[in-house]
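Look for subunit A in each of the two complexes below; its partner is subunit B in the first and subunit C in the second.
Moving on to the complex of A and B:
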């Protein structure tokens, strides 16, 4: 029983972090209808940078998020303004191919600059745990979880309470109507892309402590994050939260009772099972398509 | 026509040259090895093109099929002692089985789940290959025996095996493009909802296309395993392989027959160059990534289509305008549906149908009956639910409640294409032609039934194509057959859509504003086509705002307001019905009323 509770607790902690990582992806998809395959590469890029700052300057990897988040936001904005915007209005598959290309460029860049080997930031609390009864809560997981929840909360407030957030949500629901009421489509899209990328800033910094990584790990990550988004329903933020929790639980439970090597596979099987019953994902809505 | 045959001629010459090359220059293993890898990549890119080029569903994990084929052949060879070369086709079967299973799960809906699952599948396959070590020998990989032939022959047998497979793949892809199956795939890429409305079973088409795009890669995988004599999970299920496939098809021109092959040859050489001169794999990823970004931004159509566009500009073909005189002289023949649904009772019966969008009830318990052989009209103010009712009848949307019966058969649960196969055709308010397809392809695309024979019928020549040409002549657009549908004017597109729906051999045609945005002489043409078809036995249900036209053409007339039918009857009654006038024009429509108000305003 204690083992089960332990696994579930860990699953929730990991799920929260996954939720943060997937939220950027789902935000970008919701507003821009772009599947940002480069989101995984963003995470690894930030993780590498965080790792370097920790090694070279001694900045705490999780606190490094205060530096990496604005940097990633800026990178996302620049990428949108100068690269992604050029394929606006083209078939959605072009955006998949473009962001796939960006992911490869980042992977290749990291390969050339840092070499093709595993890295991991190991601050002092890396192997310590909080103890609650019988349950061990690794400090790094807890800090990562708290950071993720905080950022998700801020993201939620930005989206629901600010003019910018309303503009983003309006654009995601009906771009042409949003443009008609004075919301600049391009600048809103750039903002959404920047916000989505910024979330990879926090996510990547947390990742650097929790998981060993190397340049090509981004495939693993993007495939997990996309799985979360598909499971929850494309473009749905609550869906991404639930999908992330399912992934976290599937991973820790399989690792506890089956074996670590099967955990990702089990998650993919869960996705397939869900899609079999609900082809649009858990929270995906099918809207009318005739009045587009 | 000359332009059409020229690419085939060039392809034939290139094939001959490649087939002769080892005979002319037999003692050069290196160029042969380079060419061999070019063929392998071309097989994969050309196969990928079927699902991702024709049907537009991008797969980012397509190299999985190569790995599946490799492992299948290697495992069978290991356990049975058979030569991997002879069991390579079984690798193709494995690929097809996996494609059909995965496709049945993720290809049932429209949208983006497919591309995501393809990445997940590739990674899952790798995980399985690592962990099912009893079968695959895990990370250590499988070592195969050396080729059985004399070492003097070097890799020449492999060279020919891959060249042969490439030729088969291209012929297969070319055959698909010529059939109505291929036209249907392009229709799915252009507008999936519309494709379903003209009888394309989009689910089956997509799953089949995915399967077709996997077979030859699986076979090639078996041969490749033997060529390498070694395979392991990381090599067999490498995502970089998928990158090369996607890049090849994109550079050459996806959706074209020879583009992916051309692209594969180029990318293969670039890849080889990057390996030889660029240092290591690391820089290769960077270079390929930069190329991918550059191609998407600056050459999105690919080399071949870009070149073709340039060629057309240099060698323009003149076309006539709408042949109105010719069209008016043309008589219409309606191809009889076999078996023709016969019997008594109305053709279409809608009972208590309701559709809600959130809080808005667009159609509210609507009843409607269309008698056999009638031209029934459906009129009503904007937002009264006419088009939504159309969508419910044709299956573009599912009703929340109520029944719809066609020729006595309940159809409200059927997918759109099955309703099309029963003889229910429609046009759209805003035309939805497949804009990148030619006018002729647009008209050939509809499938009047779900039979395999119809699906794989020739769409370029033969009975289907000549039927389509006849229908184009009927609407006076025969001269535009080879033009892109998107290049036509709005009114012309309306006519093409009418010809398109006739291809479906429908019993009942639903016309959504056939006269909207069409010039008066064309309106005349459209009404006379409707009358002629009606005389030949086709029933019509028409939504139209041109009231004089409706009163002249249709009987009976149904009037819709707020999602339900408020009046029905012959034109003479509808013309003077007070309820109808109020619903259509508002309560204060009478000139007298407005005059009184005006005078009141003046006195105030």
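Moving on to the complex of A and C:
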């Protein structure tokens, strides 16, 4: 029993962090119909920068999110205004090409500037645990999870309670109608891209403590994130949360009870099974143009 | 051949009658007739771009350091050595084209191997077909040596299934009460780690060490808490992990979070990435962790210090990687055989290598008829924040072994 509870709590902790990392991807897709392949590279970029600040100045990696989040937001805004905007209205495959290009540029930049080697931030708590009865909760995971929940909460409030958030959601649901009621398409899109990129600020900072990384790690991360978003439904924030929890639990439960070899396979089997029944993903909305 | 011999005979005759200076007197003729000024060309194809570009580039550096040093020492067979290195972009097709061209069109005097089993598997077949001796620095997959090749030589100490033999032998040498009673064997599903751990498990089970846990995890595993907590519940004396890198760091971190420290911890290659490993797991916690490796910068093997200083001098004071050392050793093997045979007669070089052992910076190397090496890897251990070699004695950089491993710090 203790083993089961341990596996489930760990799965939830890991899933919460995955959810945060996937939230930016799904947000950007929801509003812009852009599959941002560079989201993984954003995470690694932030992780590297966080690692550097931690080593050079001694800033706590998770608290560093307060610095990296606005920076990533700004970077996202600039990228959208000057690069991504040029492919607006074109097929989604163009967005894959473009953002993959951005990912390669970031990877190359990190390779040149920081070298092709593994890094990981190791603050004092990175290997300590909270003990609750028989259950061990690794501190870094707990802090990461709390940060993820906080950010997801704020994101949710922004999207549902502010005018800007409502504009973003309106554009996501029906761009032409949103434009008709006076929502500026370009500025809303830029804002959504900035917000999605900013979420990588917190995600990347947490990543730097939890997992060793190197410039090319972003391939692993983007494939994991795409899996989560496809399972939950492209563009759906609650979907990303559920998809991420499924992945986290699939990892820890198969590792505990099944063969470890199956842990990756199980998750993708779940995706396939869900897509057979619900092609739009768990929470994906069927759009009117899909039905037509 | 006849022509060369008659010139040589004429020279000797002239030298005998006119004194020793005769042969060197007319350089224009000499260049055409005598080979000693003509560079000895060694053809190599390396993955300088693509998947294996990182190790491929290191291998190239290793070869270049060797060529530089041998040319400063007067060349090979008195001829300057010239490396003809081409890029195969990590592609099996290109590497075949490359070696075919090097051998049949460029007519290089010798060839040296490329990097990775994938590429050497194809490249060695080209060399074999053309009867060229093929000494390769990195390609230890078992299927390399089941093809009955006679010109193939793998210039490391052992293939993957024998990599951990040195650790098993060390355990055997311990008094019975210090040997582990129970062991756990997690390994990544990777061709370079899984055979090592599987073979170690088999050997230790034969010794009577009870297996309490074994598992194979996929390469993209990032969370190790589940594996760690299952192992911790079984309290094994020894944890032997087939770790590439991140997984090695990840497991140690998870074990620390669970506060479980085994009496012995072995990881295949992760701990050999010195600085990256110790910063990943925390320097104090590296104490006593074992690993195996083909080369160490401080190993007391012949010419090792020359290699390290030569490398640093050529490449902006960078630390040489194991891949560069392996390439250097492959070149040393070829050099030794060519020197001993006294010519570039390929069958003679092949026969000499089958019959002899060569001293390299990796230690002594010798081969089975299949080209599979007969030696032992080096057993490394982290001691006081430094990666040391503790066995075999000839290459050791430290004469103490930390056992049992102290708890996590």
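Some notes on this structure:
Here is the rule we go by: the second predicted complex is superposed on the first by the 284 of 292 C-alpha atoms of A that agree within 3 Å, B and C clash if a C-alpha of one lies under 4 Å from a C-alpha of the other, contacts with A are read in each partner's own complex, and residues count from 1 in each chain.
Criterion: a residue touches a chain if its C-beta (ideal position, glycine included) is under 8 Å from a C-beta of that chain, and two chains touch if they have at least 3 such contacts.
No experiment lies behind these values; they were computed from the predicted model shown.
Partners subunit B and subunit C, once the complexes are superposed on subunit A, run into each other and clash.
Once the two structures are overlaid, the count of subunit A residues touched is higher for B than for its counterpart among subunit B and subunit C. By the touch criterion stated above, A:220 is placed in contact with subunit B and with subunit C alike.
Contacts of A:10 after superposition: subunit C is touched, whereas subunit B is not reached. Contact with subunit B, but none with subunit C, is seen for A:281 once the two complexes are overlaid on the shared chain.
By the touch criterion stated above, A:116 is placed in contact with subunit B and with subunit C alike. By the touch criterion defined above, A:93 reaches subunit B but does not reach subunit C.
Once the two complexes are overlaid on the shared chain, A:268 sits against subunit B while remaining clear of subunit C. Looking at the shared chain after the overlay, A:52 reaches neither subunit B nor subunit C. Shared interface residues of subunit A, touching subunit B in one complex and subunit C in the other, are 116, 220, 223, 261, 264-265. Considering their complex, residues 29, 35, 37, 83, 86-87, 90-94, 96-98, 100-109, 111-112, 115-116, 215-216, 219-220, 222-223, 226-227, 229-230, 234, 261-262, 264-265, 268, 271-272, 275-276, 279-281, 288-290 of subunit A touch subunit B. The part of subunit A that touches subunit C in the complex is made up of residues 3, 6-7, 10, 14, 116-120, 122, 126-129, 136, 138-139, 141, 211-213, 220, 223-224, 251-252, 255-256, 259-261, 263-265.
Those residues of subunit B lying in contact with subunit A across their complex are 52, 56-58, 60, 105-106, 108-109, 111-113, 115-117, 119-121, 123-124, 127-128, 130-131, 193, 239, 243, 246, 250, 281-293, 295-297, 300, 357, 387-388, 391, 396-397.
Residues of subunit C touching subunit A in their complex: 54, 186, 189, 215-218, 220-223, 225-227, 229-230, 233, 245-246, 249-250, 253-254, 256-259, 273, 275-276, 279-280, 282, 285, 408.
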